[in-house]
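Take a look at these structures.
Two complexes, one shared chain (subunit A), two partners (subunit B, subunit C).
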Partner chain A sequence: MFKARLKGDVLKEMIKVVSTLVDEVKLNITGEGITLKAVDPAHVAMVDLSLNKEAFEELEATDCELGVDIDKIKEVLSLAKAGDILDIDHDEEHNKLVVHIENITRHMSLVDTMGMSDPKMPQLNLPANIKLAAAELNQGIKASESISNHIALVANADGFELSSQGDTDSVSLKLRKDLLLHLECSEPVRSLFSLDYFANMIRSVPSSGVVTLAIGQDYPAMMTFEIAEGNGSVTYLLAPRIENE
Partner chain B sequence: MEWTEKYRPRTLGDVVGNNKAVQSLLSWARSWESGKLPKKRAVILAGSAGVGKTSAAHALASDMGWGVIELNASDTRNADAIKRVATAGALNQTFTDTGEFLTSDAGGRKLIILDEADNVHGNIDRGGIRAILDTIRKTHQPIVLIVNDLYELTRHSSTFKTQCLTIKFSSISARSIKPVLRRISISEHVDVEDATLEAIAQRTSGDLRSAINDLQALSEGRSYVGLEDADAVGKRDNRVTMYDAIRTILKTDNIRSAKKAANELDEDPEFLLLWLSENVPIEYKELGDLARGMEAVARADLFLQRARRTQNYRLWAYAIDMMTGGVATAKDKEYRFYNRYRFPMWLATMGRTKGIRATQNSLSHKLTTHCHTSASIARADLIPFYRQMFDLDGAFAVEQTARLELSGSELAMLLGDDRDGKRVQMLMEAAEARETSGHIDPGGLGLAAFAAEEVAEADDEGAGGPGENGKANGNANGKANGNANGNGKGDGGGDGDAGAEEPETQRSLFEF
Partner chain C sequence: MKYLTLAETYRDLQATSKRLEMRDILVDLFRGTEPRLMGRVVYLTQGTLGPDWEGLQLGLGEKLVSRAIALTAGISDDDLEALVHREGDLGLATEAAFASKGPKQVQLFQESLTVDRVFESLTQVARVEGSGSTEKRIRLLQQLLMDADPLSARYIVRTVVGKLRLGIADMTILEALEKAFLWAEDEERVMGSDKVVEAIYNVHPDMGAIALAVANEGAEGLAGFGIEVGVPVRSMLAERLGSTPEILEKMGGRCAFEYKYDGMRIQAHVGPGGVHLFSRRMETITSQFPDVVQAMESAFAGHEAIMEFEAVVHNPETGELLPFQEVSHRRGRVHGLAESVEDYPLVLFAFDLLYLDGEELLLQEFQLRREALESLLGKAGEGPIRPSTLRWVEDPEGGDDFFLEAISAGCEGIIAKAVGEGSHYRAGARGWQWIKYKRDYQAGMTDTVDLVVVGTYAGAGKRTGFYGALLMASVNQEEGTLESVCKLGTGFKDEELAALHERLSPTVLKEAPGNLRSGLQPDFHVQPELVLEVLGAEVTLSPVHRCAYGHLRPQTGLAIRFPRMVRLRDDKGPEEATTSSEIEDMYRRQLKRAD
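Then we have the complex of A and B:
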């Protein structure tokens, strides 16, 4: 059983996070909220999202799994105006998700969860921890996009750097420790990532959000941030580019 | 759950058959372990359906401890999707399905499997092929392309041949299929008779996947399967080649087996009929047999034509009976010798002359409008005359070329020349000049040249005085040409005595 009432904006934030990586996702629903974990089709990135009970206006549910098509949710959300409240429930008899916005009711077929994987978030040893405003990262991404397809994340005890090296040009954004909200770095590290993935992930951080970034040496990056006004959290993992082969 | 999925080999050791192919696949995979990128970063697994290509690729990944990403024919595979999945996967490290991080430094790879990569009209568009090639060039991860038809893939680019290792998978013998079926039936607790397993293994002709599917279909809801049950599945659509069908029809005297040969052949009856009319005379050496055989072929042809004309395709049944049973029973004795059967000459000729016939049609179409006649009269009567007149009368040729707006190939046909020949060029230019100036300029380039050659020709032949020259030549040429045309067309018109007696010595005015 699943019956929920929530702000369209909360669902929008959630869908934006998920849609950067996958087209379909399995929602794990309990009376305490919704969680989901997914690996993208290229097996380069993962997402772990949870939405607490407090993120909902109302939530009534027993444990269940629902497979949803992200594009369909997006279609419904495009009908919602700012501040609209959505009512969602699961029609178990026809196995459909029923979404009400104002006077519109959409019956949505669900996706079979049989073939969907159940990934666990891996334990990674990441020596550098940086906390900063998403707006800063967005600046660095914007600077890099005209230069190259990849971006290097570099950290040492004194600061954090985003840099991009193209065929002829290069660009870097350096942030000294005092410009960051937090920096903890036990050894100097550098990893290179696909700019596409990194940019899409950072862009799904709610505006004026704060991101905690954990990186290592030629190792995945972990990005954590809050959604739904602090009532939900997201962890992204991004695998590095393969270098030096 | 489908048994083909349930019993899919988990390791390369479990892959049935194709040992050599599996070995080469494994040694290619090992070449990724050195830490350096191997020369061939992609393999193409080629082979018919159900022989274990996809299974081998998945088993390889699991043996190597690699992750897998797969793009199937059912996924959208335009350039964008390929870049998003295959290319992104090829350049970055890996999280597996279960959320494990694999790094290539420690040999952790992901195998990128592009299944049915030759299925172009499915959904790999042009850009998709480019995206695949691009991925192969840049990849840091192993790639497997799976195809039924190798050429369908490699025709797009030679890169597939130079950058990829090609491994061929062959059909699996019934001898190897049977033990697999037995193993599955035992673990599914179904008692299947040995002869049934044998029958399934035999008739799937090397396709292990459909053998397993057949076994599952037969065993559904039963604990015992006897031989008679096996007939329920029927024979797998077992493609017989045209040669096999022809051989069966000509060798057998059994109507049923002749009909069966035609049924199993996935070809049009009209096509089969062409093959029969070509090959009945090769096989049936006794005149009586030949006459009866061709009679049956001719009767079949009547039925086929009537079916086509009236759109009543139920008549095909009679045509097929005549073609198969009729031909098979036409012989009094069996012909035991091996005969080499031929592709129908008629089709070969039609294929070869396609261009010529197209030109002929367009030319007669132009004459039809110009001379107010039917196309067949234009073709049979007018074209021979036009040929003669074009040969004789330069001014006429120029004027007609301009008025009918004849193309290079149409002119070439009228002149009997190459379409890039000098005379064709000259006529085209002269016609062009006439179009622009509005009248024929006798002193123009084209005609001056024509006249000069005319004189030279006359001197060579030495026929009559200068005054008679044109006429004499005209007659001789006209006859020779008429004759040649007559032979070619088979209409017999325009034969001349001189031409028939000495066709070799008659030379066309503009032959040089």
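Then we have the complex of A and C:
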């Protein structure tokens, strides 16, 4: 059983996070909230998201799994105005998700969850931890986009840097320790990432949000941030690109 | 076992054209392979996933495979196409794309690429059917390629598109199995193979199953194989001669003459599991001949048998036999099968019986097999299943009369069959126990041969945009090479010119295949896979062609003069083309006649 009432904006944030990686997702629903884990088809990135009970206006559910098509949810959300509240429930008899916004009711077929696995979050040992405003990261991404398809994340005890090297030009955004909300770095590290993936992930952080980045040397990066005004959390994992010797 | 081990072996195999070196590379591979994996290793090495008759085919379209490659390598379709153009084939282009400079994207969950994983994924790819199958195939391939290093990717891609083509003859694999598992390690074999594995392969041509058995149990593993209903037996093949006296001389003065029908050879297996039909290339063709299946079910109810037939189309009005092309209307047909069954009724002429109700007849003399066949068929003279027309011949006059009868009945000629001692069925072998004598042989060398297209020359004038000529080769089975024997430029109909261009241009190679021998450099080399029937005026000595090179005179090969295309031979693969030694025999006989 699943019956929920929530703000359209909360669902929008959640869908933005997931849609950067996958088209379909399995929601694990309990009376305490919703969680999901998904890996993109290329196995390059992973998302682990949870939305607590407090993120909902109302939530009534027994444990269940629902497979949803992200594009369909987006279609419904495009009908919602700022501040609209959505009512969602699971029509078990017809196995449809029923969404009400104002006077609109959408019956949505579900995706078969057979074969949709629950990926395990790998254990990572990441020596650098950086906490900063998403706006700073977006600035660095913007600077890199005209230069290269890659972006390097570099950290040492003194600061954090985003840099890109193109064929002829290069660019970097340097943030000294005092400009960061937090920096902890036991050894100097550098990892290179696909700018495309990285940019999409950072763009799904709610505006005025804060991101905690954990990075290592030629190692996956972990990005953690809050959604739903602190009542939900997201962890992204992104595999690096390794430079050939 | 990592797939990379196989890929490295394939690279080494392609670096040599020497048969014994190839064999020894395979021996090292086989000895280093876990016995349980031997079947899969051998199938993959043949570019397949199982025996031909099981019909699990790869050979996916290059467009679909390209999509998966581009997605995995993170390049555009256009960039991949440019790479294919530069590198010469999709396999090398993939390797280049995967090895390209710049940082390589790694994955969160890397799985290692084992032989098992590749084999199982490819099997899944081959089995996918129904709606959305293209997408599913692309996804499966992408998942596989994602974990592949550049070299493995090269060979996976070639396997998937059905173009692995390592240039290893089946006999080389069989000999490698023998050396790896049956010869004592310290044994110095000067004489080479004693062909025990080959003998099993001829009656049970499932290379993977045999490999698995010998790897696990050595010689004892071979004991389990024999003739089996449902598993095609390799066909016995005929030599050729050009006159009745020559044939009688070879046959010791007495033999059987049988009509050589201009039809399609079918091996039929009848048993409790139903009827199975196999082509001469051992593909399952049961579904294309529902009428044949039905006729056999009723004719041989309650029996278990393996028989060989020539299927010929006849005109039910006149009883006249029609040429081979009419049967080929049925081949590979999915749609309109019912109509073609009506339009092209078949008569099946049975000419051999290899197995009947628990008894292997393979090793029986020809007369005994023939008697058993006739008693099984009974007097079904007018039905769709009939015994082939046969006469016992002891003198040239009787033979010539029968030959003329065969020609006037619409046959290509006759096949002479040895009788008495040594006349058992020699599966997979071409020998003088069967000799074909076709009407074309009568005048000089107006003999047709089946040659492989190995190169093309651009056309000019009326033929601009098509081919001016094709470089043709015969097969040297001992060396595993293709030897050029003529430049073919006449006999093409306009539509054939267009069809040839369409067939050959996608198979252009960047450089000559390693096993091609020729003194000529065509404009383009092509994959040696298309076989054409060619009629020539005579066989001559040639300084540029390499057929039977050096056999008759140093630095001299044989060429076919005035070659003319007769038709496409889609039913034949390059391994079934005319051999260089057959052409050498033609040359020697021609000399004898000139004397």
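Everything that follows uses one rule, which is that the second predicted complex is superposed on the first by the 244 of 245 C-alpha atoms of A that agree within 3 Å, B and C clash if a C-alpha of one lies under 4 Å from a C-alpha of the other, contacts with A are read in each partner's own complex, and residues count from 1 in each chain.
We take it that contacts are C-beta pairs under 8 Å (C-beta built on N, C-alpha and C of every residue); 3 or more make two chains touch, one makes a residue touch a chain.
Just so it is clear, the model here is predicted, and its values are computed rather than measured.
Visitor: Quick one: subunit B and subunit C on subunit A, clash or fit?
Guide: In the arrangement built by aligning on subunit A, the partners subunit C and subunit B clash.
Visitor: With both complexes overlaid on chain A, does A:117 touch subunit B (first), subunit C (second), both or neither?
Guide: After superposition on chain A, A:117 lies in contact with subunit B alone.
Visitor: Compare subunit B and subunit C by how many residues of subunit A each one touches, and report the one with more.
Guide: For subunit A, the partner with the higher number of touched residues is B.
Visitor: Just subunit B (first), just subunit C (second), both, or neither: which does A:239 touch?
Guide: Both partners, subunit B and subunit C.
Visitor: Please indicate which partner A:37 is in contact with in the superposed arrangement: first for subunit B, second for subunit C, both, or neither.
Guide: In the superposition, A:37 contacts subunit B only.
Visitor: Applying the document's definition of touch, where does A:230 land relative to subunit B and subunit C: first, second, both, or neither?
Guide: Neither partner.
Visitor: Which stretch of subunit C would you flag for clashing with subunit B, going by 25-33, 367-375 or 403-411?
Guide: Clashing stretch of subunit C against subunit B: 403-411.
Visitor: Based on the A-chain superposition described above, do subunit B and subunit C contact any of the same residues on subunit A, and if so which?
Guide: 39, 41-46, 119, 122, 194, 220, 237, 239-242
Visitor: In the complex, go through subunit B and note every residue touching subunit A.
Guide: 35-37, 67, 69, 84-86, 88-89, 91-101, 103-105, 110, 140-141
Visitor: State the interface residues of subunit C toward subunit A in the complex, per the touch definition above.
Guide: 71-72, 101-109, 139, 142, 146
Visitor: In their shared complex, at which residues does subunit A touch subunit B?
Guide: 37, 39, 41-46, 117-122, 124, 193-194, 196-197, 218-220, 237, 239-242, 245
Visitor: Subunit C touches which residues of subunit A in the complex?
Guide: 39, 41-46, 119, 122, 150, 192, 194, 220, 237, 239-244
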